[in-house]
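Both of the next two complexes hold subunit A, though its partner changes from subunit B to subunit C.
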Partner chain A sequence: MGQPRVIVIGAGPAGVRCAQTLVEAGLRPIVVDENRRDGGQIYRRQPDTFTRPYAKLYGTEAERAQALHASFDVLRARVDYMPETLAWNISEGNLHVTNNGRTRALPYDALVICSGATDRLMPVKGWHYAGTYSLGASQIALKAQACSIGRQVVFMGTGPLLYLVASQYVKAGANVAAVLDTSPLMRRVAALPKLLARPAVLRNGLALVSYLKRAGVQVLTGVTPVEITGSPENGVQGVVVRDRRGNERSFECDAVGMGYHLRPETQLADLARCAFRFDHETRQWLPEVGEDGRTSVPGVYLAGDGMKVLGADAAEIGGRLAALAVLKDFRFRVADEELRRLREEQAKMDSFRRGLAQAFPWPVEQAAALPDDAIVCRCEAITAGELRRTVCEMGAREANRAKALCRVGMGRCQGRYCGHAGAEVIAHAAGVPVEQVGRLRGQAPVKPLAIATYGEVE
Partner chain B sequence: MMGTNRADVVIVGGGFMGAAAAFFLRRRGVSVILVERGLVGQQASGVNFGNVRRQGRYLEQLPLANRSREIWGRLKELIGDDAEFLLSGHMRVGYRQEHVERMEKYARDSQPYGLGLQMLSARALRERFPFLGPEVIAGSYAPHDGHANPRLAAPAFGRAAVRAGAQVFENTEIVDIGKDGDDFVVSAADGKTFRAPAVLVTAGAWANRISARFGEPVPMKAKGPQMAVTEPVPYAIPPALGVASADPEEGIYFRQVARGNIVIGGGCGREEVDLEQRRAFVNPRNTLLQFTQLPRVVPLLRNLSIIRVWSGIEGYVEDDRPIMGPSARVPGLYYAFGFSGEGFQLGPGVGDVMAELIHTGATTTPIQQYHIGRFATPVASAA
Partner chain C sequence: MIDNPRSTRGSTSRRFTRLAETDRPRVRIVIDGDVVDALAGDTLMVAVLNNARHLRESEFGDGRRAGFCLMGACQDCWVWTADGARLRACTSVVEQGMHIVTKQPEAAWANLA
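Coming up: the complex of A and B.
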C-alpha cells in the first residue's frame, strides 16, 4: 500500500499546523481552502497589493500570524494546495470540491476537517435591515478590504470577539458609537478562575476593554437588545437597548456588528455522517469527537474551531493532534512525548474555553422575549410569531419539523445563522428542553452551487 | 402496562395514505387510531417532488387519480389547508420524434379519462412559454394538473383527522401485530396496545415487513428520490415540467413554487437506501447529472444555484404498481403501500377509497388490479 491520501480542509491555524505535521512525516496532503489565501479568518491575509504591516493588522497576535503564514509559505511546495475551492459534499470516500466553475471528486483515506467557526447570532427586531453584519464579517471587511461596515458603527452581542473587533475598528480610525454587551459584569468575575488558565490571553482581553474606554467609546454591559431601528429603504439607523438598570438607551448608527461568541461550522462533519452530541454548557450540538479529533466515522477527523470553539492557539494544537491521530491510525511512528505535551496544552485551552462560555453566555432568554414581528430566519423571512404558530398550532416541536412546515432555516444559509436561535424559540414555545428540539440536518451543498458548475460524471 | 386503545380501525403508518384514510374514515363516522413511528408525513410523503400530475400515469390508474384530483381541488374546504396546491398545469416536453409520438399516443389513449391534454407544437410552445430551450420540439400540456407542497400535505391531513376525532399516536413504534379472536392487537414499543377489528397498513417502504408477517410478501425495494432546490427567483414558470423521455437521465422534472424556488427531481436514477438507518442521501453524481439536463429544457436555469439537496425513502414494487385493497389471507386486514414514486398525487384519493372500502366493503373506483394477491405464491407461509 502506498502513502495514505490525506485531505485537509481549511488553511487556518488548525489546517496549516495539521498539514505541516503531515508533511514532516513524509506525506503530501491536499489542502483545500475556500479563501484566496491561507490564514483562515483570524489570520486572514490581506490582498497582495495591500501593504499594512503585521502589527497593524493583527495587533497582539502579529507574531503568531506571521509565524503561521511563514510556515505555510514553506509548505506550499510540499502540499497540493487548492485555494478558492469549496468542499461542497462528501460521499463514499470522496470529497467533492468546486473551483472556478468546475467540480471534482477527490478520493481520500483520511479527511481532516478544519472548517472553523462563524458568529453565533441571536435575532433582534430589525436585524434584517441592510447594515447589520456579524462581528466576523465586520472583521473581514477591515482585514481583507480595509473597509468599515459603516460611518458610525455599534457593536452588540457578547464574547471576546466583540471587544477585539471594536478595538480593531477604533485603531483603524473608524467611528464606533458604542459597544453593547449582553453579558453582565458579574458573570465575568465568576468565570475568572477558569479564565486564569491562560493569564496572558485574559490580560489581552482586559486591555482591549480599557483601550476602548480610553478611546472614549461607550461600553455597556448587561444590556438587553430591544431593536435595530431603520427601514427597508435606508437600512440601519440606530440601536435601542435596555441598560442593566432597565432604562431604554438609543444609539444612532448606520451599521451594526453583532455576534454572541462563535459556533463551529459543522456541515461537512454532518455530510461525512459523523455522530453529534448536545453540549449543555454552550447549548448546541457538536460533533462527537474522541481523542485527538477522531470522529465516530473512521478516517474522518476534526480540528480547530470547527470541532469546538477553543480559539486560534488551541486550533494550532488541535491541527497537530489530528495529524498525529491520522499518522498513528495509518501506522506511522508517532512520538508519544509530543502527543502528551500537546494534549496537556489543549486541556488548559479547554478550561479557558469553559471560562469564556460562562463569562459570555448565549442569551437564551432573548429568544423567548423576541417580539412576534421580529424575523428569526432572514433567508426565508420567517418571524418569531410564525415560528411560534407552527409550534403551537401545527405541533412542530422538532427543528426539522418546524423547517418543513414553515421554512425556518430552509434558505440559502441552511440555518447556519438562525438555527440555534430558532431552536430556542421552538423550545420555549413548546415548553421542552432545547436538546429535545434537535438540530437541523445538514444537506449538500455546503454553500450554494451554480447549476453551470461542470463536472465529469464518473 | 399501558392501557389499551380501541377503535374500529387501527392504521399503521402515518404517511399521506394513512393520514388521509384516517381523515376520510372519520368523515364516515368510523373510529380511528393512527399509529406512526416518527411524525406524520415524514418519509416518502414529505420528501417527494410534489407533483399533482395525472398526465403520464398508467391508464388503469386514472380513475383513482381523477378521484384524488377532485379532492385536491377542495382541500382548503375539506381540511382547512391547501398545502400550497397550485393549479398551474403540468407539461411534458419532448426533444425527439419518439417523444412526440409517445406524448401523442398518451393524449389519444387517455382521452376517455378527461385530462384535457393539449398537444403543442414547437411554435405554440415558444409563444406561450418563451423560456423553453431550442431542443424542445413539442409539448403535452395538462391544464388541470398542478403541484403542491409535500412537506405540508400529509401533516395537514393528520391535523384534520385529529380535529375530526381520530386518535393519532406519533413517535410510536409498532413491534407486533397479532390476532385475538376477531380483533387485531397492535403492540407498540412503549407498551401501548391498540385493538380493532380492522387494520390498515400504510407503512410505505416498510409495509412489506408487515404483509410478510401475514404470509404476503411483496417484491419491493426501498429507493431514494434525488432532489434539489434552487435559490428563489421571481415566479415565472407556472406549470410543473417534465421531459417525456424513457431514458432516466433525460427524464428531468422541475417546478417553481410561488415563493420562487425551483424544485428539481429526476434526471438520474433513484438510489437504493437502507431501511434500518432511515436516512437517505443524494449521490453527488446525480446532482451533476441534473445540472446537465436542466438547462436543456430551460437554458436560463443555468444561471441559478442550488441551495440544498435531499432524499427520502420510497417503496418501489417490482411491477411499478401499488398494493391496495384487502389482504388475500387475513379478513379485516387492508393494505395501501408501495406507490413506487407516484403516490403524492394519489394520496387524498387513496385515503378516500380505502375509507370507502373499509366502511362499505366495496369501492366505486376500480382498484382490484392493485390487489396483493397478484404476488401470492403457492407455498406462501407466515414469516
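Coming up: the complex of A and C.
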C-alpha cells in the first residue's frame, strides 16, 4: 500500500499544525482552505499591500501568529494547497470541493476537519438593521481591512472576544461608545478556579478590561439587551439595555458588534455522519470525539474550534494530536512521549474552556423573553412570534420540523446564526428541554453554490 | 480618512471608517451609477461601505442590509455586478472599473414570511 491520502480542511492554527505534523512524518497532505490566505480567522493575514506590523495586528498573540504563518510558508511547497476552495460535501470517501466555479471530488483515506468556528448569536429586537455585525466581523474589519464597522460602536454580548475586540478598536483609534456584557461579574469570580488553568491568558483578559476602563469606555456587566434601535432605511441608531439593577440605559451608536462566544462549524462532520452529543455546559450539540480527535467514523478526525471551542492555542495542539492519530491509525511510528505531553496541555485548555463557559454563559433566558416581533432568522426576516406559532399551533417541537414549517434555519446562512437561539425559542414555547428539540441537520452544499458550478471531467 | 472628490456622498453616507492603511493606490468603481474611489486591497464590502451605508435590500421587506459576519458564512453581503453576476462582497476583492448594483437585478423573490 502506498502513502495514505490525507486531506486537511482548513488552514487556521489547527489545520496548519496538522499538515505540518503529517509532512514531518513524510506525507504530502492536501490542504483545502476557503480563505485566500492561510491563518484562519484568528491569525487572518492582511493583504500584501498593508504595512501594519504583527504586534499591531495580533497584540499579545503576535509571536504565535508570526510563527504559524512562517510554518505555513515553509509547508506550502510540501503540501497540495488549495486556497479559495470550499469543501461542501462528503460522500462515500470523497470530499467535494469547489474552486472558482469548478467542482471536484477528492478521494481520501483520512480526513481531518479543522473547520473553525463562527460567532454564536442570540437575537435581539432590531439586530437585522444595517450596522449590526458579529464580534468576529468587527475584528475582521479591523484586522484585515483597517476599518471600524462604524463611527460610534457599541459592543454587546459576552465572552472573551467582547473585551478583546473592544480593546483592539480603542487601540486602533475607533470610537467605542460602550461594552455591554450580559454576564454578571459574580460568574467570573466563581469560574476563577477553572480559569487559573491558564494564568497568563487570564491575566491578559483582566488587562483588557482594565485597559478599556482606563480608556474611559463604559463597561457594564450583567445587562439585559432590550433593543437595537434604528430604521430599515438608515440602519442602527442606538442600543437599549437594562442594567443589572433593572434600569433602562440607552447608548447612541451607528454600529453594534455582538456575539456570545463561538459555535463550531460542524456541518461537514455531520455530513460525514459523525455522531453528536449534547453538551450541557454550553447548551449545544458537539461532535462526539474520542482520544486525539477521532470521531465515531473511521478515517474522519476533528481538530480545533470546529470540534469544540478551545481557542487558538488549543487548536494548534489539537491539529498536532489529530495528525498523530492519523499516523498511528495508519501504522506510522508515533512518539508516545510527544502524545502524552500534548494531551496534558490539552487537558488544561479544556479546563479553561469550561471556566469560560461558566464565566460567560449563553443567555438562554433572552430567547424566552424575545418579543414576538423580534426577528430570529435574519436571512428571511422570520420573527420569534412566527416560530412560536409553529410550535404552539402546528405542534412542531423539533428543530428540523419547525424549520420545514416556518423556515427558521432554512435561509442562506443555513441556520448558522439563528439555529441555537431558534432551538431555545422552540424549547421554551414547547416546555421541553432544549436537547429534546434536537439540532438542525447539516445539508450539502454547506454554503450556497452557484447553479452554474460545473464538474471537472477527469 | 479618504476624501472622495468625485462623490457627492458626504461622510455621513459611509458606514465604515478607515483607521489606518490609507496610503494605498486608489481604485475607481461604480456603485449604483455613482463613480467612487476605493483603495487597492479593499474587499468589495469595504470598498462599498466606505462610500455607502448599505450593500443590498433584503428580499423580505425588512430594509437595507450591510453584511453581518465578514467571514463568508452569513451570505448577507451579496451584491450584483451590472451584468447580473452575484458576488459575496466580504470575500471578493475590489477591482478597478467594477460596476456594482446594490439592488438585485431580477424580480425580487416572493415574500415567504
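Going forward, the second predicted complex is superposed on the first by the 456 of 458 C-alpha atoms of A that agree within 3 Å, B and C clash if a C-alpha of one lies under 4 Å from a C-alpha of the other, contacts with A are read in each partner's own complex, and residues count from 1 in each chain.
We adopt the following convention: a residue touches a chain if its C-beta (ideal position, glycine included) is under 8 Å from a C-beta of that chain, and two chains touch if they have at least 3 such contacts.
This is a predicted model, so every value here is computed, not measured.
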Next item on the list: Based on the superposed arrangement, let me know which partner A:277 touches: subunit B (first), subunit C (second), both, or neither?
Entry: neither
Note to self: Quick check for you: in the superposed arrangement, does A:233 touch first (subunit B), second (subunit C), both or neither?
What the structure shows: second
Checklist line | Which of subunit B and subunit C A:174 touches, first, second, both or neither | finding: second
Next item on the list: Compare subunit B and subunit C by how many residues of subunit A each one touches, and report the one with more.
Entry: C
Margin query: Quick check for you: in the superposed arrangement, does A:213 touch first (subunit B), second (subunit C), both or neither?
Written below: neither
Margin query: Is A:341 touching anything from subunit B or subunit C once the two structures are fitted on A? First, second, both or neither.
Written below: neither
Notebook entry, point to check: Looking at the overlay, does A:28 come into contact with subunit B only (first), subunit C only (second), both, or neither?
Noted result: neither
Note to self: Touch test for A:448: subunit B only (first), subunit C only (second), both, or neither?
What the structure shows: both
Note to self: According to the stated criteria, A:412 is in contact with first (subunit B), second (subunit C), both, or neither; which is it?
What the structure shows: both
Checklist line | Residues on subunit A lying within both footprints (that of subunit B and that of subunit C) | finding: 407, 412, 448, 450
Notebook entry, point to check: Contact residues on subunit B for subunit A in the complex?
Noted result: 39, 42, 46, 151-152, 155, 159, 230-231, 259, 279, 281-285, 287-289, 291-292, 294-295, 301-310
Check: Where on subunit A is subunit C touching in the complex?
Finding: 34, 36, 41, 46-52, 118-119, 128-134, 136-137, 140-142, 144-151, 172-174, 231-235, 254-255, 265, 375, 378-382, 386, 407, 412-413, 416-417, 447-448, 450
Note to self: Quick check: in the complex, which residue numbers of subunit A touch subunit B?
What the structure shows: 89, 91, 94, 96, 103, 105, 394-395, 398, 401, 404-405, 407, 410-412, 414, 441, 443-445, 448-455, 457-458
Next item on the list: Going by the contact rule at the top, pick out the subunit C residues touching subunit A in the complex.
Entry: 15-22, 24, 40-43, 46, 49-50, 53-55, 58, 60-76, 86, 90-91, 93, 112-113
